[in-house]
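Order as written gives the chain letters A, B and C; numbering starts at 1 within each chain.
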Amino acid sequence: MKSFYENWLGGRDGAVGMLVLAVVIMVAFPLMFDIFRLNLIGKYLTYAFAAVGLVMVWGYGGVLSLGQGVFFGLGGYCIAMFLKLEASDLVSTQHQTTPGIPDFMDWNQLTALPAFWQPFHSLTFAIIAALVLPALFAWVIGVAMFKRRVSGVYFSIITQAVAAILTILVVGQQGYTGGINGITDLKTLHGWNINTTSAKYVLYYVNAVLLLLAIMVCRFVLTSKLGRLLLALRDKEDRVRFSGYDVASFKIFIFCLGAVISAIGGAMFTLQVGFMSPSFVGIVPSIEMVIFAAIGGRTSLIGAVYGTLLVNAGKTAFSESFPQLWLLLMGGLFIGVVMLFPNGVAGLYDGWFKPLVARWKSRRPVMVRVADPLAKSE
Amino acid sequence: MSLDKSIVLAIEDLTVSFDGFKAVDSLNLYVERNELRVIIGPNGAGKTTVLDLICGKTRSTTGSIRFKDIELTRLPEYRIVQAGVGRKFQTPSIYENLSVYENLELSYPAGRGVMGCLTFKRTETIRERIREIASMIFLDDQMETMAGLLSHGQKQWLEIGMLLIQDPELLMLDEPVAGMSVSEREKTAELLNRISAGRSVIVIEHDMEFVKRIAHKVTVLHQGKLLAEGNMESVQHNPKVVEVYLGH
Amino acid sequence: MGGYSLSDLWSIVVMQGFSGLSLFSVLLLMALGLAIIFGQMGVINMAHGEFMTIGAYMIYFCSRIVAKYMPGFMPYYFVFAIVVAFVVAFAVGYFVEFLLIRHLYKRPLDTLLATWGLSLIMQQVFRSLFGAREVSPQLPDWLMGAWKATDTIDIPLNGLFVMALSILVTSGVFLFLYRSSWGLKVRATTQNRVMAGAVGINTRLVDRLTFALGCGIAGVAGAAFTTIGSTGPTSGSLYIVDTFLVVAFGGAGSLLGTIFSAFSIAQVQSLLTFFLTNAMGKVTTLLAVIVILMLRPEGLRPNKVRK
């Protein structure tokens, strides 16, 4: 029990953080908001998976992936393909030239389901694919890059190029992927209508639980020796290498872990929002995921969730009323967080709020703090 | 030559060139079991490059490096370490944001794979070993100190300790007493003499007094080539050595 | 490649080759600026594309002013507009370095994020100033039209002009870096910043001017860009990934490598675009570059140094 507390929750601080987070997303939000808003929050929380993945890859692994949307998208598309096939039964597609295939294929003059779509008739396969495909893809990229010691900005730009390539491919191969519109009109999961209010509540809670579990898995990795090794790696990579570790394999592992976590987010996105499109795969969404993690604090797993919620709430609020202003604000966020708050919300909490609480607890006179600047100015 | 069981490291015809410049030039070097060898030579003689070549940091152009009949020139770095070669860098290379204990723990040769790291447990054997090494390197009362806060000399010791905990058969130290005070040097010489029992050690050093205290045999490099080899006495009186190195 | 006769193929290759030359020129000018900045300070300027857009908008702006107030000057304005494009992009780059970049040296990944933010802001500023719609400057008559080399081969004049422009700028940069005393300071700072500072080079000023110079060249790239496409607020951002790949592919810090890699990438992409679709041509090129980069992470012409 003690080891669960220490290794999976991260000791007292981590456990308190987890508890607060769980209460906020599982009790407070459902009480405060109607199902429309809650579903929107659920959507944001799926992005939080990508941000948590980035905390691991960027914050702890030291490599900035600008292609996190690729994995988010892969997870989402796998589930979307299953749902689309279920929605494209013979009865609902009877007016098509070729009934029984997804509508966008019919529009693009396809007359049979492509071979790679076939296995997605099975939900089990789709779920496994949603987890394994992104991991495999990340593994291939990771091996190719880390074994050859590509790192730093090179790694970032290449992952960004991968995101660009995949978007162009998905958009270009309309008949196979649904093109720019993506895979839409998803209705049921094994006959269970995912668009009803009750289904949305269920999916919201499944998503919340998965997110908390993902954070716990990451916490476990970080409190293990691997976590200390990652810290060592950022400090003196050569020393780690010459202490008998295959450095590349650790970077590959953390990159794959980040990919799988993002993919879970993508899969939950598809289920909660009811479609998947290339606009969650490309350069822009991928780098926005980085800003979620950065605002939360790049080394804070829980901060990543709050960062995601904050940025998206801001985005929704502003794009409704002042769409132009939002882009300026977003740009400002990138610059501001890097220059002024490199540790994001978590940094503010640790550096400002926690000492304040500590001071309040120990009842130290606040006078001391006020007096300090005066003393300096003399 | 390499079949001789007393030879641990056999470097033969080793050359590395950077864009035509030969930093190490057809070098032959043999190190015996339990030997403490010191490599000296003026700046740019190729001393550090030789260590880089042995531990795989730099790849040779031609030639072979055999360690107990394992060819090292093509092995990845971590395999060279796992084969039993440890190397200390010129400037202390330790994990400044981790404690002394954690520095030693990460260097302990267990759980070196991804899965090994995830399932790694601090057993009593490991704790015991870490304490033992820490007392050898005079840091047993600093276990919880962040390594970045140690003095320069202590950092050097810590790095030596991080190698010792791997129990390598060949230990390579690049300027282990650089930046140390006189008393720290004394202690380090003692430490080196103690740890060279049961393993071979290669040391690069400039401090001749220190070299005299520890060396079994001295190798002098000059412009990437072997200039002289033998005990300190003979090397010091070798006219070639005097000319390029000690003379000026 | 069925359906094309040998002479058809030849004409296609030549014409696509020349259209590739226009792309080459833009990529080269972009990459040149980025390579100088990246090689000099290890900073990735994600807003580099927006500096190109500044240049393109300056051409448009000048063409509007000239058309309105001094129509007689129309045939010659383009040359002056290029200078304006350079100067404005240079000036903006100078201030950006002062306000932003200089605080972030040694944090390359953070610079990447901050300059991405800058690019978003710049795009919004363009949108507010020039509108969201794409615009095209009115080009002088002598830039229009084509030179008919043979019956089947048409070579557009603007392509030739842009080509000449990029050769001029490239040789200028080359002379500047390798023949001027200021260039010597730049190269010294690149190789050993601390030592350069110790021998009395004002490395901060060198950084600032180098950054500004890179941005100014991107402005000229924008001028070249107006001859092959219309300008919108996000025009530049489409080029940033390609440009970085050009720099990485050429080997950071090598001018010749940059020229060669810009040439090969532009030509391959232009040819593939003809035989495949637009998108697939681009995808194939990018993939090829990434694969080659994985095989040779140090690029085509790495600097060999004893470490």
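We adopt the following convention: a contact is a pair of C-beta atoms (placed from the backbone, for glycine too) under 8 Å apart; a residue touches a chain by one contact, two chains touch by 3 or more.
Model, not experiment: these values are computed from the prediction.
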item: Innermost chain, taking as reference the mean of every protein Cα atom displayed; value: A
item: Selected pair, greater C-beta contact count between A-C and A-B; value: A-C
item: Distance from subunit C to subunit B - Cα centre to Cα centre, in angstrom; value: 48
item: Euclidean distance of C-alpha centroids - subunit A vs subunit B, Å; value: 44
item: Distance from subunit C to subunit A - Cα centre to Cα centre, in angstrom; value: 34
item: Residues of subunit A that touch subunit C when the two form their complex; value: 58, 64, 144-145, 148-150, 152-154, 156-158, 160-162, 164-165, 168-169, 171-172, 283, 287, 290-291, 294, 324, 327-328, 330-335, 337-339, 342
item: Footprint of subunit B on subunit A - complex, ascending; value: 220-221, 224-226, 228-229, 231-232, 235-236, 238-247, 249-250, 253
item: Of subunit C, residues touching subunit A in the complex; value: 38, 42, 44, 100, 103-104, 107-114, 116-124, 127-128, 241, 244-245, 248, 277, 279-280, 282-283, 286-287, 289-290, 293-295, 297
item: For the subunit B and subunit A complex, residues of the former touching the latter; value: 55, 57, 76-78, 81-82, 86-87, 89, 93-98, 102, 105-107, 109, 111-114, 117-120, 159, 162, 166
